[in-house]
Every structure is written in structure tokens, then in C-alpha cells.
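Paired with chain B in one complex and with chain C in the other, chain A is shared by the two complexes that follow.
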Partner chain A sequence: MKRTIPLLITAIGGFVLIIAFFSSYTQSWGEVAAIWFDILAAIAFILGGGNLMKIHLKKISDRKAGWAYSGVTLIAFLTTLIIGLGKIGVNPSEQFPDYAWSGSYREVGGPFWWLYEFAFKPLTATMFAMLAFYVASAAFRAFRAKNIEAILLLGTAFIILLGRTYAGVWVTGWLPEWLEGLKLENLTVTIMKVFNTAGNRAIMIGIALGIVSTSLKVLLGVDRSYLGGGEE
Partner chain B sequence: MYEFFRDLDRRWIFLMMFLCVAVPIIIIGATGKTFPEEPTQLVRAVFDEIENLPSGSKVLLSYDYDPASEGELAPMATMFAYHCAAKGHKMYFMALWPVGPQMVDDTIENIIKKDFKDLKYGEDYVNLGYKSGYEGVIKVIITDFTELYSTDTRGTPWSAIPMCHDVNSVQDMDLIVNVSAGYAGTKEWVQYAVTPYPKLRMVAGCTGVQAPLLYPYIPQQLHGLLGAIKGAAEYEALVIEAYGDKMARKDAGDNPLTDDNGDYLIPGKYTEGIRRMGPQLVAHLLMILLIIVGNVIYFVERRREGRR
Partner chain C sequence: MKKETVIWTVVMLVGALVLVLNGALRGAGSAYVKAVPMQFVNVAEPGEVNADWIRYNSDRAFDEKLCTQPFEDIPEDLRESWVRYEQAELGEYLASRAADPNDDNYRFSLSQTLGIWVAALFTLFIFSFLYKDNPFYKIAESSVVGVSAAYWMVIGFWDVIVPNLLGKVAPAMVRAWSIPGLEDPPNYWYLVPLILGLMLLWRLSPKGSWIGRWPLAFVIGTTAGIRLIGFIQADFLSQIRNTVIPLIAIDSATGSFAFWDSLKNLIIVIGVLSALTYFFFSVEHKGVVGKTARLGIWFLMITFGAAFGYTVMGRIALFAIRLEFLFDDWLWLIDPLGRRAAEYASLLWPAMPLLG
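And then the complex of A and B:
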């Protein structure tokens, strides 16, 4: 029973969405299923939060390696959650001044805004910016012209790297009009529009066919791995 | 020298990258000099889609990114908002990412409230905010907004927002503008909005890593694309060319200020993309140099091993 009901929900939900896509008469069924999906997605945040707490509390309790980081994660999570949900330090909105919680949790100058502006924003931006350093290091150590394929890849990388900046204009700007297509900025566009598009379309069609077959297996109950382990 | 590069500590590479980014930022900041931009056809297509719509058209702007990719995407998000506001379009802001509303807030505060003071919230622009469900949100609002968006972010009921009175679904929009950093983003908008409803028109701006994956949708499903900071810079150049007089800093008599060459003095917030092309150029050159040096070392080592 524990597996039959989820299997039925999956099959019904999946087939309803497929039928709704192809038939205008059943379009509203698909809309209902999509609304259910959105509601479940919202509830998933609660499950996600609960799971995060469970994993990190266990790590702290077992004193596993790096347990202090789990402590930092939990403190950051709970602080943000309490301040955001409780709208701590937020003034009531102009529309509803009598209701303490009517203000926006993102109010400028409020504690949640402060956390976002001075903790979340710089931290996430820093993490992303660090990629530039690692990519440069990796390019130096790993990008080797070992064979024909690697040479082609290197050549393409050089054209794109130069073509996406003003260096492209510097390097090939002198070419006459009849060789316009060989200018680096134009070569970049050609590579993206022709070679990249052709390759990506082939990959996308392949992936789509794979998704169709995998989805059918899931909807027909052949593939039940998504249900996880456990007894019937 | 050879040994130094062969055994190069990666901290030297980090330092070089830091200098390659920092020095151009400082120089461009101090001199105000930037590289000229020649917009590509795809960027022109984005500009034309917004420009050719009659004033008062409904434009849905979905800002699906977060602070991690703000450096790459905020310049184009800023320009999209400016262009739509300058053309007098009705702007419906929304987000599929949890921190997307903050991105929208930044744009509204820095662009609309400062440079378009005559625009009224609820009549000319509205912030619908974030809803959970990723592509599920698109699937619902493509046929009915109110199923998910019963209010805007301020809690104003949908029916009480004047510019929403004649809007039932995304299909009522004249254009979808998406700024995307990944899932859910442009790909999902194409798959769940534009593909089933081909009359919808859409343009997008995305991160560099996403751009190659979106080219297959051009031009049938995606009518224009700004790829990374380069795309943003080219788009800025086009908007400045068209609206430079309105955008420029003004003197006491409200006349646009120009520099010695007669070019308009454009506020820095509208040239973020153009200014970031300087650090990008030097960083790209460093990458090429590192790859060449790395390969020289590789071939020298291989030859030495062959001799042994």
C-alpha cells in the first residue's frame, strides 16, 4: 500500500499532464495538476528545512569531522528563518498600519534586508567570482593539445575568448570586407550559431527521447527506483 | 624561468587573475574610457523586439537569477527595465527564483523610482514577486495568473491593481523578457510558454554558460538573446544610442551633459556592462596566455621524456 498509492499518484498525474497537453478539452485537468505541483513545491521547502535540520543536528551530535560547520549552517538557517518569518524589525505597511505583520519582510533597513544585503549577497557573489580563479588555474594545468580533438577545442576556445572581447577587433579588424566572415567577432557568431547549435540540437533531441522512455517507465510503474527502498 | 613556470604555484595564477581584473576596473573607473561595442544581430533583435512594440504594450519581465550571477546579469536587467520604461511599456515584474524579488526591487529602486518618477506603481509597473514551483508556475500562469498571483508583493489584490484589469494570463502579454541564471529560466519559459503558445514573443538575457544551450531555440521560439556581459554591453550601446539624451546627466536647465567629444555623459549604472568588458578582455588574454604557457611546458616535458 505504501508503494501502490505513490505509484498511482505518479501515473495519474503524469498521464493527466500528457493528455492535457495534446487535447484542448482536457486542458483544465493539466492546470489543476500544475497547481497541485506548485502547492507541493511550496510544502517541499518545509520538508527541505526539516531535512537540513535533521542531517546537521545528527552531524553535531555524532561529532563527525566538520561538525562545527554544521553548527554555523544551523545558526544561519534558524536566524534567517526566524527573522524572515517573524518579520522582526519590520514596520507595518502604509496600506494596513494597524496590522503589525503587514509590512514587507524585505523592507529596506530591516534585519532581513540587512542579512540579505550584507551577508547573503556578498557571500554568494564571492563564491561565484572565485570561479574565475579556479578556471584560470585549471586552464593552465589541464587544457593540453594532446590530440586532434583537443586542438580543435583549444582553437575554438581561443576564437571565442578573443571574439567575445574587443581583442577580436584589434586582431582581425584589418581584414578586408570580402574576408568579413573571418573576423574573430564574426567567427564567434558562426561557431555559436552553426556548430554549437547543430551539436546542441542533436544532444537535446537525444536527451528528449531518453526522457520520454524513462518517463514512460516511471508512469507505467516499470521503474520504481524513485520510491526508494522499503517494504510494500 | 622554465622551472618557475613548470612548478608554478597556483597562488601566482590567482594573483595574476586578481590583477587582471582589478587594474582595468581601477583604470576604467579613473579615466572613464571604455571599449566601443558593435552590437551583433541577436542583440539588435532583442532591442528591436522592445523598441518596435507600441507604447503602452504589456511586457512581462521575469528576473530568474540571484546575487551569485548578479555581476553578469544585473546590467542587462537594468537596461531591460530602462528600455521598457523609456518606451512607455507596462511592466509586470515576477521571479521564479526565491531571491528574484530582491533583484526586481533593486531595479525598481535604482531605475524606475529614480529616473522615471512619473511612473506609478500599479498603473505603469507592478512587482508580482516570487512563487514556488519553477516551471509549474509557468504552466499555471500561462492560462490564468490569478490561480497563483492573487496579490502582488505588497499584498494588493489582483483585482485592485489597475494595470492587471485586462490581464488574465501570460498570453495577454505582448512580450516576455527573461533574465536567467539557470533552472528555472529561459529554457523553461521557452518549453512551457512559447512552444505551446507560439504567438507569444520572447527575448532573454542569460549567463555565458547558458547561452550555447539556448541557441537551438533561436529564432523560432526565442526571438533575441543577450549572452553574458558581452551581450549586456552591446545592448547598453544600442539603448544609449537611442535614448542617450534622456539617459544622460542633466545640467541645471535639464539639458543633457556631454563630454569633450560631444558624447553624452551617461550615469555609471547604465554602462555597467560596457565598463566590465575591460576586465573581461584582460582576463581572457591571461587565460589564453596561461593555456599557451601550459602547452609549451607540456610539449617540452614530452620531448624530454622521449629523449630518455
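And then the complex of A and C:
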């Protein structure tokens, strides 16, 4: 019962949408399902927030190592949540000035905008920016041009990196007109338009086939891993 | 105290002193705003149910009776006002003060100045991990977890749950509360995702977490169905269609044989077929199949190399943006967009008083 009904829901939900696609009367069902999916995804964020609070409150109450950082997480979480959900400091919209809650929660200059602009954006951008160092150092340690495959990968990365910079344009700027195709900026374009297109197409065809087969396995109940283990 | 700790402490203190002096003497890291008064009047005819708000002093003909009199004289129930703060540059602030010292349209913004300093410190905290793991990095890391979890919750609530769920199930309530322009009639089919959503939240309860499997099953099933069709259409078929291209290309302008286009098309077709051969594991990669698969690997390696190059470039661009924020917005050491007056843009600012 606890596993059979979810399996039925999965199969019916999936196959109804597949069949609905083949009739012009029911094609819009897919769009409705996508909206329902978005709603459940938004509710899943609430679930995620609830879980976050549960885990960090437990860590604080148990006085586990680094519990003070859990406090920082909770303060950041609750501050952002209260300001965002409460539309604190947000003015009404120009269309409906008499409705206090009609303004956009992302209004420029508002507290939620402040949190996005001065906390969320710099923190996430810097996290990703820092990966530049780790990617470079990992590449330096792992990449060795010891066979044709490695040479092709390294060479392409080198040409792409140089070809999109002023240095690349300058390095091969002296080449005569009849060898223009070998200038790094042109070579980059050729690699992207020809070789990269071919490789990406094969990968995308492979991914599509993989998704189709995985979807069928899920819908037919062959793959049940998403239900988790155990009866509870 | 260890010698290394002493050195680091001195370096940090000197750095902090320079930052404070830079901020105090030059105003580095400060932000300015333009105050725009927002005044509205209701010009609906007496007895009219819906309000008809227009901007005060707008040029609509029939609101003359309200817009010609001082705003304060308009009855309170017919007017609304607040101040909107738009971002402004230092140059605009200085120019407005030079023109009229009492002009307060352009103002120093304490909250945004504080924001720039907070953002700069967070940036440095994250970068400090390049040296080694430390409490500053951990504070920034914990903050990013909390802020981003709440950020996406807020986005989900205001952009999805309110208009697409509450707006469908109880439009009258949403209309009276936050979306006055909502005109949709109730759609009770949306009770289904509401119930599924509540079942999903049941996972937070210590008992009966299996109830959360039902909405999960719905999400998995519908996603599988939509993706199956979508990927066959958009990826599988369209990629094959785009690969069926002429191997002998003709220049449309001259009608002659286009050698380079033909070669490019040939390489694309060979590349796709050989890379697909590599993915085909039902036949042993030996002989002709093995050689074709090897060629496919070469094409894939070029693709991975290009992806790697672009990833590195993207990260370096982000890094450059962060440095630009630190040196331009925070420290005022560079001014690539010419946003500040010349004396604030120069790297020689400490010597400016001497240079005149």
C-alpha cells in the first residue's frame, strides 16, 4: 500500500502526459502539470527550509562542534525569510498605491534587495570565482599531455582560452591573410562551430536516449529507487 | 605569541587602519541615492467602486481639480505618498551640492554604504579560504547557506505559491491582499497540488514520512513523462535533423562549389557518427568499429577541452568582477566607468593636496 500507490501515481501521471501530448485537445495538460510541478518545487523549498532549521537547531541544542556557525546560519536564514515574506520596507506598487502589500518584494533599495545585492550576490559570486583557482590547480596537477587524447583536450582548452583574449589576437596577429584561418580568434570560432558542435550533438543524442530509457524504467516501475528503502 | 602570529596581526592592523583612513578621508566605499517623491491621488468619481490612482501632477485632463491644489490639501483618503530611493553616483551628489548646498534630493545612503562594506568583507572572508580554512570563511559559508535557503523560499512563495496556487484556489483573498489586479476565477483543480504540497511537508514530521512519497511520486512521474517527450523532440530528433546536412555545399550567392563549407559539414557528420559509435557498447570496439570509436573519442576530447576552457574563463571573469567590486566600489582605487570626480579616480589621491 505504502509503495504501490506511489508507483501507480508515477505511472499514471507520466503516461497520461505522454498520451495527452498526441492529442491537440489535451496537449495543454503538460503545461498545467508543469505549473503543478513548480508549485510542488516551491513547497519543497519550504520543506528544505524546515529541514535546515531542524538540523541546525539540533546541532545548537546538542552543543556539537561548530554549533555557533549553526547560529549564524539560522540568523541569516530567519532574517532573510522574515524580511522577504513580510515585504518589510517595500513600498506599494504605483498601480495600486492604496494596497500596502502590492509592491514587489525585490524593489530596488528595499531590505530584501539589500540582502540580495550585498550578501547573497557577493557570497555566491565569490564562491564560484574561487573555483578559478581550484580548477587551475587541479588542471595543473592532473593534466599531462602524455597521449593524443590529452593533447587534444589541453590544446583545445589552451586555444579557446587564448583565442578569447587580447593576448591571443596579438600572438597570431602577424599571420598573413592567406593563413587567416589559423589566427587564434578564428581557430576558436572553427573549433566551436565544427568540432565542438559535432561532439556536443553526439553527447546530446546520448543524453536524450539515456533520459528516455530512465524515464521508461521509472514509469514502468523497474526503477523504484526514488521511493527510498524500508517500509516507512 | 608565535612570531608568525605577531606578523599577521601587525599586517591586519595596518590594513584595517589604511581601510579606515581611506574611508574617512576619501569617503571610499560610500554610496549615494536620489530621493524621488512618489505622490498619488485617487481621481475616481465619487461613488465609483474601483479606485483610479494617478501620479500627482500628471497631465491627465480630468484630474485637474486635484492636481492643481497643493498635495497636502487633498483629503487623506484620496492621496498616498512615499519616497523612492534610486541609486546615484558621487558625481551627481557633488554636482547637486555645488549647485545648491541645501538640495537634499541627492543624499548619502548609510544603508547602502554599510552594504558595500558588508559585501566587501564577505568577499574577503570567502577568499581567505585560499590561504586556509578559518573562522571568517566559516562565518561567510554559514551565512550563504542561511541567506540562499531563505532567498529561494521567498522567491518560491511570492513568484509561485501566491499567484499560481493561492491565486487559483482563493483569488478573492489574494486580490484583496497582494495582487489587486488578479482577475482569474477560482480553479479548484489546484486543490490537488495544494494537498500534495501539504503531504510533502509531512516529511518534517517524525512519523508517517511515507505520506511524502505520494507527491514525490507525482513529481517523478510527471517529470518523466514531460522529459521523455521533450527530449525526444528537442534533443534527439532535432539534433539528428541538424546533422543531416549537404556534404557537397553550394555557395548560394555564386552557385559554385563551397569547399570550406563542404569540409565543415563533412567533419560535423563524421564527428557525430564516430562519437555515437563510441557510445555504442553493444558491439565490441575492435577493427573498424574500434578505429571509428577512437576518432569519436578525439572529437569528444576537443568538446571537453572547449567546455573546460569556457568554464575556466567564466570563473576568471567572475573573479575579475569581484576584484573590480573591491577596487572600484569599495576602495575607490580604480574608476573604469568614470563614475566619480577626477580627484577620487586617481591612484595618486594621497598626493593630491600636495599636487594642488
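As a working rule, the second predicted complex is superposed on the first by the 205 of 232 C-alpha atoms of A that agree within 3 Å, B and C clash if a C-alpha of one lies under 4 Å from a C-alpha of the other, contacts with A are read in each partner's own complex, and residues count from 1 in each chain.
Keep this in mind: a residue touches a chain if its C-beta (ideal position, glycine included) is under 8 Å from a C-beta of that chain, and two chains touch if they have at least 3 such contacts.
What you see is a predicted model; the values in this text were computed from it and never measured.
Once chain A of one complex is fitted onto chain A of the other, the partner contacts of A:27 are limited to chain B, with no touch recorded for chain C. Within the superposed three-chain model, A:124 lies in touch with chain B and with chain C [touch as defined at top].
Touch criterion met: A:164 reaches chain B and chain C at once.
Residue by residue along chain A, chain B and chain C are tallied for touches, and C comes out ahead.
In the superposition on chain A, contact is made by A:15 with chain C only, not with chain B. Contact with neither chain B nor chain C is seen for A:55 once the two complexes are overlaid on the shared chain. In the superposition on chain A, contact is made by A:189 with chain B only, not with chain C. Looking at the shared chain after the overlay, A:88 reaches neither chain B nor chain C. Touch criterion met: A:140 reaches chain B, while chain C stays clear of it. Once both structures are placed on chain A, chain A residues 21, 30, 34-35, 37-38, 41-42, 44-45, 95-96, 102, 108, 116, 120-122, 124-125, 127-129, 132-133, 135-136, 139, 154, 157-158, 161, 164, 192-193, 196-197, 200-201, 204 are touched by chain B and, in the other complex, by chain C. Within the complex, the chain C residues that touch chain A are 33, 38, 40, 42, 51, 53, 55, 80, 82, 84-87, 111-112, 115-116, 118-120, 122-123, 126-127, 129-130, 138-154, 156-161, 164-165, 177-181, 189-190, 192-194, 196-197, 200-201, 203-204, 209-210, 213-229, 231-232, 235-236, 239-240, 242-243, 264, 267-272, 275-276, 278-279, 296-306, 308-313, 315-316, 318-319, 321-322, 325.
Those residues of chain A whose C-beta lies close enough to touch chain B in the complex are 21, 27, 30-31, 34-35, 37-38, 41-42, 44-45, 93, 95-96, 102, 104, 106, 108, 116, 120-122, 124-125, 127-129, 132-133, 135-137, 139-141, 143-145, 154, 157-158, 161-162, 164-167, 169, 185, 189, 192-193, 196-197, 200-201, 204. The part of chain B that touches chain A in the complex is made up of residues 8, 10, 13-14, 16-18, 21, 35-36, 38, 40-42, 66-71, 99, 101-102, 105, 109, 131-134, 136-137, 139-140, 143-144, 147-148, 153-156, 196, 211-213, 215-216, 218, 227-228, 230, 277, 280-281, 283-288, 290-291, 293-295, 298.
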